[in-house]
Every structure is written in structure tokens, then in C-alpha cells.
Amino acid sequence: MTSPAAPSSFPSGLPSSPGAHVRAVHDDFHGDLLEVSMGPHHPSTHGVFRMIVTLDGERIVRLKPVFGYLHRNHEKLGEQTTYLASMPYTDRLDYLNSMTNNWAYAIAVEKLAGQAVPERAEYVRVILAELTRLLNHTCLAGFLLQDTGCSGTPLMYAFREREKILDLFESLSGSRMMCNFQRFGGCRLDPTPEWLAAVRQLVDGYGRFLDEFEALISGNEIVMARTQGTGVLTPALAISAGVTGPMLRATGVDYDLRKVDGYGVYPRFEFRVPLGAHGDTYDRYMIRILEMRESIQILRQALRDLPAGPILDPKAKNRGFRPKPGEAYGRIEGPKGEIGFYLISDGSPNPFRYRVRPPSFVNLTILEDMCLGQTVADAVIILGSIDIVLGEVDR
Amino acid sequence: MSVGPLQLCLLFSSALFCVGLIGALSRSNTILVLLGIELMLNAANLNFIAFWRFGPNPAAATGVIFVLFSIAVAAAEAAVGLALVIAIYRHQKNVRLQEASQLKG
Amino acid sequence: MTTVLLCLALFTVAAAAVAMAMRNLIHSALLLVASWAGIAAFYLWAGAEFVAFAQLLVYVGAISMVVLFAVLLTRHSRLDFDREPETRGRVRLALFTGGAVCGVLVAAVLGTAPSSVPAAVPSLTVRQLGLALMGPHAASLLAVGVVLTVALLGGVVLAASARHSDPEDAP
Amino acid sequence: MSLPGQLSVLFPLASGLGASSPLAAVLPASDSALERLPLTLRGLLTGWLPASWQWLANSLIAIVVLIVAFASLFALLTLAERKILGRVQNRPGPNRAPLPFLNLRTYGLAQPVADGVKMLTKEDIVPDGADRVLHFLAPIALLAFSILTLAVIPYGRLLVALDLDASVLFFFAAGAATELAVFMAGWASRNKYSLLAAMRALAQLISYELPLLLSVVPVVLMAGSLSTSVIVERQGEWWLGFLPRWYVFTPWGLAGFLVFFVASLAESNRSPFDLPEAESELIAGHLTEYSGFKYALFFMAEYFGMCALCGMAVTLFLGGWQAPLPFLSFIPSYLWFAGKLLALLGVFMWIRASFPRLRIDQLTRLAWKFLVPLALINLGTTAFWSLTADWAGLLQPLRWLIAAGLIAGPFLLLGRNLSKGLGPRTYRYAA
Amino acid sequence: MLGTGLLQGLAVTAKNLVGSFHDPERYVTMEYPEVKTKLPENYRNFPFLVHDDPKDPLGSLRCVACTICETECPPQCIYIVMDRDEKGKALKRPKVFDIDISVCMSCQICVEVCPFDAIKMDQHYEIAETNRFQGLLLSREQLSKSNAYYHQLHPTEAAAVDALLAEQKAKQAAAKAAKAAPAAKPPAPAAPAANPPPPPAPSAEAPKPPTPPAP
């Protein structure tokens, strides 16, 4: 075991053969350090993720993340199937945010093929992406609070609102989570006026929900005690590890692809990018809450300005699609960070190389740096505040 | 040779005292030695209660009060003793009494 | 009523003896707790209700916790098992000493004439006890209070300073 | 001497539902038949027995009644807790378990029965390498100690199973042993999560026993007795003839109640102090390796402990079985007690539905840096209150003001100190 | 002051507790088997085949066994064998059309790529089965559903499809009439304007059906 004071000799009186494995356990218990394997079946690892945690009392001295339990060959599958057939697979990456995954993949393919996107489709994409951001951040806040030990109440409130968004997705795309909605050169279906009215209604009510949620959580002394000052991430470490998304912005780095790249029609909207100052778990939580409030602003503007027109470029070709040889990298600011797809085409119906840049995975890599010196209880909420989805981490 | 309840109590207390004594002398684990001493203290307390109960003047609560004080002191002893044990352990990584031969760390 | 006493005594001494002989420290500690509870039952039997509850509260409630904590914090290595040859002699010596002391004590107890047993259980209310503590024994109460406070501070200082002074502690 | 005689020697003051209570004389002559109902029923059952056996029979009845009453309360509480939790979370809670053979759903009232059947029929698993004896003993010990604590609570006028002179001390002595059982469970399971839980349970007990006891001392000081019956009696008077003189309605009583309440949340391992079984960190803590009937026993003991602590809080601070207003005294005392107990249990559940969990170092810090000092200051305030008992006229409001200030000032200071560095933040936006 | 945030939180939960008794916004559970949500028209879960004549559900399938959906299906859960007469001539209808809905991921790509509007998405979701293999492997007979059923599920979409088909039919009839008159023009392919279907070429590499092991 890891114990520095491992016994050199066994006492003579101990029985030798029966239950040798029990004695091995015994050693574990009597070292100075305790090695605990949290996961893959653990309530707070957000799926099948495993942390091998070495503890000194309750303090973490070593943390080894183990993943891959959900690996399903996503990238190789992408090279075996046609461009269009990869689209539903991207739903399954980050299964909370299929709309943004779709969009990122669509952007990559559109770049590869030089495909134009009608304006109405761009607006619809923004609406869906921001709804997805609301959905993801709401869920995250609920899960994070669940990890802190709430008996499900914030999670249930979060899910109550999430269901409304999922209902919208379902009525638009036919599926709640596996939307498979974007196409190369636009969207699959045109939203009806009733649907847009429903979105407007949801957006109008969302601020009220956020107020109530914040009244329950943000000022709560226990939440502040648990999250403020725990899992601090410095901007330098975050940048060098390639962390993106709200996690990076919580450290105070101003990097939002919606502003940096200005993809889609984002430059037409007025919105602010909230920045944290401490980089701790509370900042990561609050940045997401504030981003949701900004998303509501974006949604209002997008719904107001939504132009008429075709939703799918008439020249777009989805079936039997064969782009010219070349390569392209398409990325967007997903709710969890930069989600990107890199494609190389050799002129065949399948991409020659298909690569995903998953924000969850990259953000997860600094888990140990944030957890060292913290307690087990903190490790759980730090993991929660990274906001991972194992479907995307393991691919 | 008659054995009254007082004698019984005293025998009980002596037995307990000796168990504590043997434990304290024979074990090399500091925690167990401390516990043996605790046991001896308890045995002494038994005597106080026995003499109060079967003594000539039970109205005077002296025996009971003495036991109360003794329990308080025993608690203090346990707290300091076990703190010492932990200090020793942190220093020499075991709690063998024989090896704790230095007062200075 | 001697049967009750005998049962209590047997239980208490047996628990203590087994506790002292156990190799597993946790088992020892838990058996000792049982033994302490037996002593509390003896106090109840003797009519010293308040002392019995105090014994339970202090020993079963507090000291046992401290002991268990100490056992867990000092995860004993195998060196602590008393099975090395050099300790055998000590065990024999301890048994001899204990036996001798026991013999002397038993002889002294049995050699004394039994005193007259009061017929009724002496009644001692908490109020009487309190008055006695605050009256004639107030000075000793203060002294005990000071001892406890000093012991508490000492314990904290000992346990806390040991943690900081040990450079090897850091992994 | 006969067996019951011997037992009564062993517990000289044990008297079975207060038959020899020193307060036997205070039962008012005008008491309604409803008020006397429990005693009348017991008289019918045991009145014909010879005197030496009557004591034993009365004690047995008290034990059986207590266990049956609280076991059924436990069944209802599990349902109520899940219902309340459900309602807070905008869902109905368990409402589907039908009555057997009838297929009537009755709002989920049969759920406890279904749970019980499930628990009893589950396989009892003892992990390989576990300490079988301790693993087996732990739930039993826990339940036994929890039931012991129920014995000294006065459930109504003259309704106390064990009317001891030092019953408050008894309560805490028995209560202190429960964490020992939790430790046994955690350690015997040979599971690392359980071991961590056991360590946490120990730390939690050591930290919270102190404020719990210290918050009770003022009550004992003011009532001048350690007997729960006397403490309740003392709260039976009225301010100005109609306001109840419960201890919670005084500055020191309020502070003591709050400290006691928080500490009892911790003592009963309830949210936000449910660290030993923190499910998001330690799976189920000390319960990880328990299943079936043993698990049910743990669950039961936890609820018994919660009921006992709530009952004690009601007894010490909320006037026990006293009616809140004089003209409401016609309602039997045990009903008042039950009402207060259920209300307090409801608050426990409400808190569970609302708060996340503390971390172990924050938990101990809260105890040592906030609750213990506050309880000590409260003790001083109580001394002041007791010394100024004869202030009258204009001095009376002054007394209230000084006492309130003595509590509120330290509360604010300690609170500020405790939450140093924490607080709502304002965020900047990128330019 | 310490505790204000906690009290605020308690107020929120109390509001929800009370609200759950009178405010439908705060009591959102649907008690499923008794109450079912109204599915939106776009809802999809597993594909079915549309037939036009309820009296002959297998003979009147719109499917011509072109295997486009089989090729495009991302998880490759469709298996088609074209029916042929004795001479080996393609009959433009499937002999075998199997969908393993335990593999299907409800992506609707088969529907999108079908040039004949022959395959559509079902909305029936209570399909739990105790048999993992046979129970979830749907054959032509189970998949074939009437056009009326399709209208019932997706009225708007079905109406549009019907209009399109009617238009095509009219065009076809006109073409036939035109052909009958000059008898010189080659027959126009019966296909929508956008993408004429590639010739059905059942290649050797066609994916093997998920052969279930014998239970």
C-alpha cells in the first residue's frame, strides 16, 4: 500500500493462509493514507467516472481521475459514416446540449463545403443555442447543489424549468434531448409562430425562476461556506490547461467565442460577458447564473429580430454529400466551453478524419490541481462545478 | 468468614483494579496502558460508592462527591493522555510505550 | 439483591479482562466501554443515580470517543501487537504482580469484619448533592474546574503543535 | 426478594408512568376524563395485580406503549418526510402504494407497510472481512440507546415513563452513546466510506455534545431541577394572565432554544449536518454496507433519536405539554405535546428540504466558534436574568433590553467572525 | 447577519410547499400511466412504413426497397431485401424489411432521405419488451401502418405529403397521357424534383442484418 510505515515483518502469531485478502484490506486501513476509489459507481461522479483519491484524514493528497468507461469510438464512427449520419451521433456527445453540438458540427461541415446559411436559420440557431445554454446552466446549478448535499430541492426546481425547455425542443425537433436538428446550410424544420410564442413566454418567465433560485441558493450561508474559496483555479493554470467556457471566465479571463469569433449572427446582439475574480467554485456557479441572465437578453433580441425567409439553403445538399478535399475546424461557444469539430475530407462521402474538441474533457484535466489540499466533500463539488458530461469526456 | 454486600463490592473493586493493573503493566500500546489506568481509577471510585452506600453515615454525600471529582479528573487525564499519545505517534509513527523514552522530540 | 450485584460484577470484570487481553484495539475500547457501563449500573444499584449518569455521560459518551479517536488517528502498525518474545516476560511479570496485589486486597477485604448494612437505600437528591457541592466543597469544585480547563488547553496544544512541528507529516 | 422487587431496587426511582411521581398531587381535581384517559386505561389493565407486581406491569406497559407509539410515529414520519420533501420539490411524493387486497391508494398511506415488507424480505448482507459481531450489534445498540432517551420525556401531565430526579442527565447520558453505535457500524463494515463516516460521526459528536449540554444548563438553572417533569411544571404560569411563560419566550430561552435546536440537528445526523451518511460524498456513510432489517433498524433509530431530541426541546423550551393559552387547557396535555412535537419535526423536515450540507471542518468550527461561546454567554445572561428576578415596574423592560442585548451583541459578533471572508459577490463584465 | 440567507431559502421552500397545493406551476408531476402528456406533432421515436390500402397492408407499401435509408441509417439498424420474381427481376417492393429498434436511435434520417415518403416516424412509445431480440426486431408486417394512422400522428406533415404525392401522381398521369398520345417520349421517372434516387444497387457489402441468436 501507500503507507510509508509499511510493516517490515509480520508478527509470528498471525494465522497465515485463511483470508489473506482480508489482511490486505487490513493494511489499507492501517496506513497513514487512505486510498478511496470514488466511482465508477458513485452518486456524485456524474456518470461512470472514477477518482482514485488518496486521503490524509479528509484531505486529498492525490487524485487520479480514471475515465473511458463510456468510450464508444465516437471519432472512428464519424470516419465510418457519412457526413450527415454523424449529425445524430453528435447529439450523444454532450447529451444535455445536442443543439450546440449540432451547430458546431454543422459549422465545421459548412466551412469545409463553403456552404452558406440563410439568415433565418442563423437566428434560429442562436435561439436554440441560448436555450441550450439556459438548459445546461440550470441543470448544472441543480446538480452542483445536489452534490453539496441538498436533498434534491434545487435539482428539482432546475429540472422543472429544464423540462419546459425540453418540451420546446421536443415540439420543434421531435426529440427532447437527441434533437438532431441542424443541417448543413440551415436547420431541418422551420419553427412555427406558435413555437416562437412559446419560447417568448418561457424567456419572459425565466428571470422570475432565476430570482427564486438565487433566493434559495446564492445568499445561502452554507452554500457560500462550501463553495467560496474551494477549488481555486488560477488564470495562468486555466489558460495553460486549455480550459474554456464559464470555468475560464470564472478565473477572470475574458474569452468568449461569441465575442472572439463572432460566429453566426452574435455580433448583432448586445450582451455582456460576466467575469469572476476568484476562480473558485462559487464564482463558477455565479458566472453561469449571470450568463443565463445574459442569454435571456440575447433570446429577447433574437426573437424580436427574427427575419423571414428560408430555413434551409435550397442549394444545400445533405444526402449524398461529398465535399471537396480539404480540412476545416468549426467551433462555437458551447455552454460548457469551446466545442469544436475538425474534419478532413478526401472527397469521399465519409470524412477522412473526424475529431472532436470536447470542452468537458479538456476542463476535466485540471481536476487534480483544483482538488489537492481540499477535502473529499470539496472534490465532489469541484467536480460538479467543472460541469462534465461523461458522454463527451469519454466519446 | 461471612461475605456481606460491602465485602462483595470491595472484592469487585479489587478484581477490577487488578485487571487494570495487569493490563497497564503488560501491554506495550500506550493507549491500552492509559485505559488500564482508567480502569484502576474506576475501581477506586467503586470503593467510594460502596463505602458511602454501606458505611455508617450515608447522609453525608462525601463519597458521591469524591467520585464526581474523580470522574472529572479522570476525564482530564484521558484527554491529556490521549493527546500525548497522538503527539508521540506523530513523532515516532507508533505508539509503543517502550520507544517513547525521550521527552524532547 | 446480591445476585444483581454478582451479575454486574462478573460482567464488568469479564469485559475489562477480555478488553485488556484483546489484540484488536477497537474491540478493547468497545469492551471497556461496556465495562464502564457496568460500573454505571453498579452505581445505579448502589443508589447513586447522579454519579451513574455522570459516569455514563463522561465515560461512555466522551472518553470512549476520545479513545476511539486516538486509536483511529494512530493507526497502529503491526509492531504494536504484543506477540514479540521480549514482551512475554513482561506479561508474566505483570500477571504475577497483579495476582499478588489481588491476593493482598482479597485477604484484607475478607479479613475485616462486615459492618452493619443500612436497611434502606440512602436517598440523595440532586438538590442535596448540588448544595453540598456549592457549599462545603465549593473550593474543590473550583479546583477541579481549573484542572479541567488546563487539561483541555493542554490537550489542544499538545495535539495541535505536534501536527505543525513534524516536517515528515507532509506527503 | 421477588424479581420485580430486585428490579425496583436496581432502579430505585423508576416508577412506570409516574405512579409515584412527586407531582402526583398536582393533578387538578377539575381534570377532564380525557386528560386522565391514559392513567384510567392503565388502571383498568393493572389495577387488579398485587402491589409488587403492579410496578413491573406498569413499567412493561409504559415500555410497550412507548415503543408502539413511536414505531407507528416512525412509520408515519417516513411517509410525511417524503411527502413534505415531495411537495417542496413540486411533486406529490409517494402516493401509489395501495392497501393490500383492496387496491385503494389512500394517498400513499400504505407506503410504510410496503417499505417494511421490502426491508424485511431483503437479503442481509455482511461484507467479507467485516467484523461480524460489531456489524450485527451496531444497529441494535443504536436502537436501544435511542429508545432509552424516550423514557424520560413527559408526554403529558403525569405521563412520563421514567420520572427520575436527574432525568435531563439521563437523557444526555443515553443520547451520548448513540454515536458510539454509529462508529461501530462504520468501523465494523470494513468499508472505506464507512470508516470515513465513523470518523466524521465521532468528530461531530465530540463537537456538538458540548453546546447541546450547555444550552440546557440555563433551563436547569432557572427551573432549579434536573427533572423534566418539574421543568415542564415551572413553565406552566402565565405572563399578564394569558401569555405562556415558556422558556423560549425569554431572551436567554430563545438563544438556548436556537443553540439546542442546531445542536440537536447535528446530534440526530440530520441535514445540514448529515455528514456521516453524506450520500453525495460517502455513498451512504456508515450505512453503506447495511441492508434489509439492519438498515431498517438504523433508520428507525435515527427517527427515534430525532423524536427524542425534538421532545426534549419541547420539554425544555416550549413548555412541554402545557397549553399555549389558558382557555385552551381543556385539550388534553398529551395532545398539546404531540402537536408541538409534530410541529418541531416538521421544521426538521423543512430544513432538510432546504439546505445543503456543511463540510466537516465547517461543522466543527460552527460548534466551537459559534455555538459554544454563544451558549456560555447565554449562561451568563441567564445568571443576570435570575439575579434580576425581582426587578419590577420600569426596571422590567430594562431587564429585557439588557438580556436581549447580551445575547444579540455576541450573536452578531460571533456570526460576523464565523462568516468572515464569505458573502455575496458582485461581478464585473468584460468591456 | 448570519442566518438571513438561510431564512430566505426557507421562505422559498415554504412558498413552494404551499404553492404545490394550489398553483399548477408548482406542482408539475404528471402521474404517468393515468395521465399522459399530449405529444407534439413533431414527436418521433421509431420508424414505420406507410401503406396506402388498408385492405392490403403489405402489397400497398410505398417502399420500393431502394435501400437509401439502409445506407444512410447511422446505426445501420435497417435491413432490406428486395422482392424479385422467379426470373430475378426486381419487383420494387421489399421482401424483407426489418428494423431493429433496440439499435435504432430515432434520428429520423431515414425519413429525411426517403424519396418516396414511404418511411415515417411513429409515436408509440410503450414498447417495453421482455424479449431483447425477437421482441424489438420489427419485421415488414409489424412496421406496416396505414396512411390514416400517419395522418393521425402528424396531420400537417401528412397533408403536405399527400398533396405532394397527388401532384406527382397527376404529373405521372399527365406524362402517361402524353406518352399515350405521341408514344415517343421515354417515361418520366416517378420522383420528386430534388433528388432522383440512385439506382437501387444492392451491393455485396450491404450490412448484415442483426441476426438474433436463437433463444
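What to note about this one:
Each chain carries a letter (A, B, C, D and E) given by its place in the written order, and its residues are counted from 1.
Note that a residue touches a chain if its C-beta (ideal position, glycine included) is under 8 Å from a C-beta of that chain, and two chains touch if they have at least 3 such contacts.
Predicted, not measured: the structure shown is a model, and the values here were computed from it.
Note on connectivity: the fewest chain-to-chain touch steps from chain B to chain C number 1.
Relative to chain B, the most remote chain by averaged C-alpha coordinates is E. Legend note: the chain whose CA centroid lies nearest the centroid of all displayed protein CA atoms is D.
A count of contacting C-beta pairs for A-E and for A-D identifies A-D as the more extensively joined pair.
For this pair, chain C with chain D, the centres built from the Cα atoms lie 29 Å apart.
Chain C and chain E have Cα centroids lying 78 Å from one another.
Annotation: 60 Å between the Cα-based centres of chain D and chain E.
Chain B and chain E, compared by their mean Cα positions, are separated by 83 Å. Chain C has residues 1, 47, 50, 54, 62, 66, 69, 76-77, 79, 121 in contact with two or more other chains. Under the contact definition stated at the top, the residues of chain D that touch 2 or more other chains are 88-91, 199, 353-355, 419.
For chain B, residues touching at least two other chains, in rising order: 93-94. Within the complex formed with chain D, the chain E residues making contact are 1-3, 6, 9-10, 12-14, 16-17, 19-21, 26-29, 31. Looking at the complex, you find that chain A touches chain D at residues 19, 21-22, 25, 28-29, 34-36, 42-44, 55, 57-58, 145-153, 156-157, 160, 216, 218-226, 228-229, 254, 256, 259, 272-278, 282-283, 286-287, 290, 375-378, 380.
By the touch criterion stated above, chain D contacts chain C in their complex at residues 1, 6, 9-13, 131, 134, 164-166, 169-170, 172-177, 179-180, 183-184, 187, 198-199, 202-203, 205-206, 209, 224-227.
Within the complex, the chain E residues that touch chain A are 2-6, 8-9, 11-13, 15-16, 28, 40-44, 68, 72-74, 105-109, 112-113, 121, 195, 198. Interface residues of chain C facing chain B in the complex, by the touch rule stated above, are 1-2, 5-6, 8-9, 12-13, 16-17, 19-20, 25, 28-29, 32, 35-36, 39, 42-43, 46-48, 50-51, 54-55, 58-59, 62-63, 66-67, 69-71, 73-74, 76-77, 79-80, 82, 87, 90-91, 93-95, 97-99, 101-102, 105-106, 109-110, 112, 114-115, 117-118, 121-122, 124, 128-129, 132-133, 137, 140-141, 144, 147-148, 150-152, 154-156, 158-159, 161-163, 165-166, 169.
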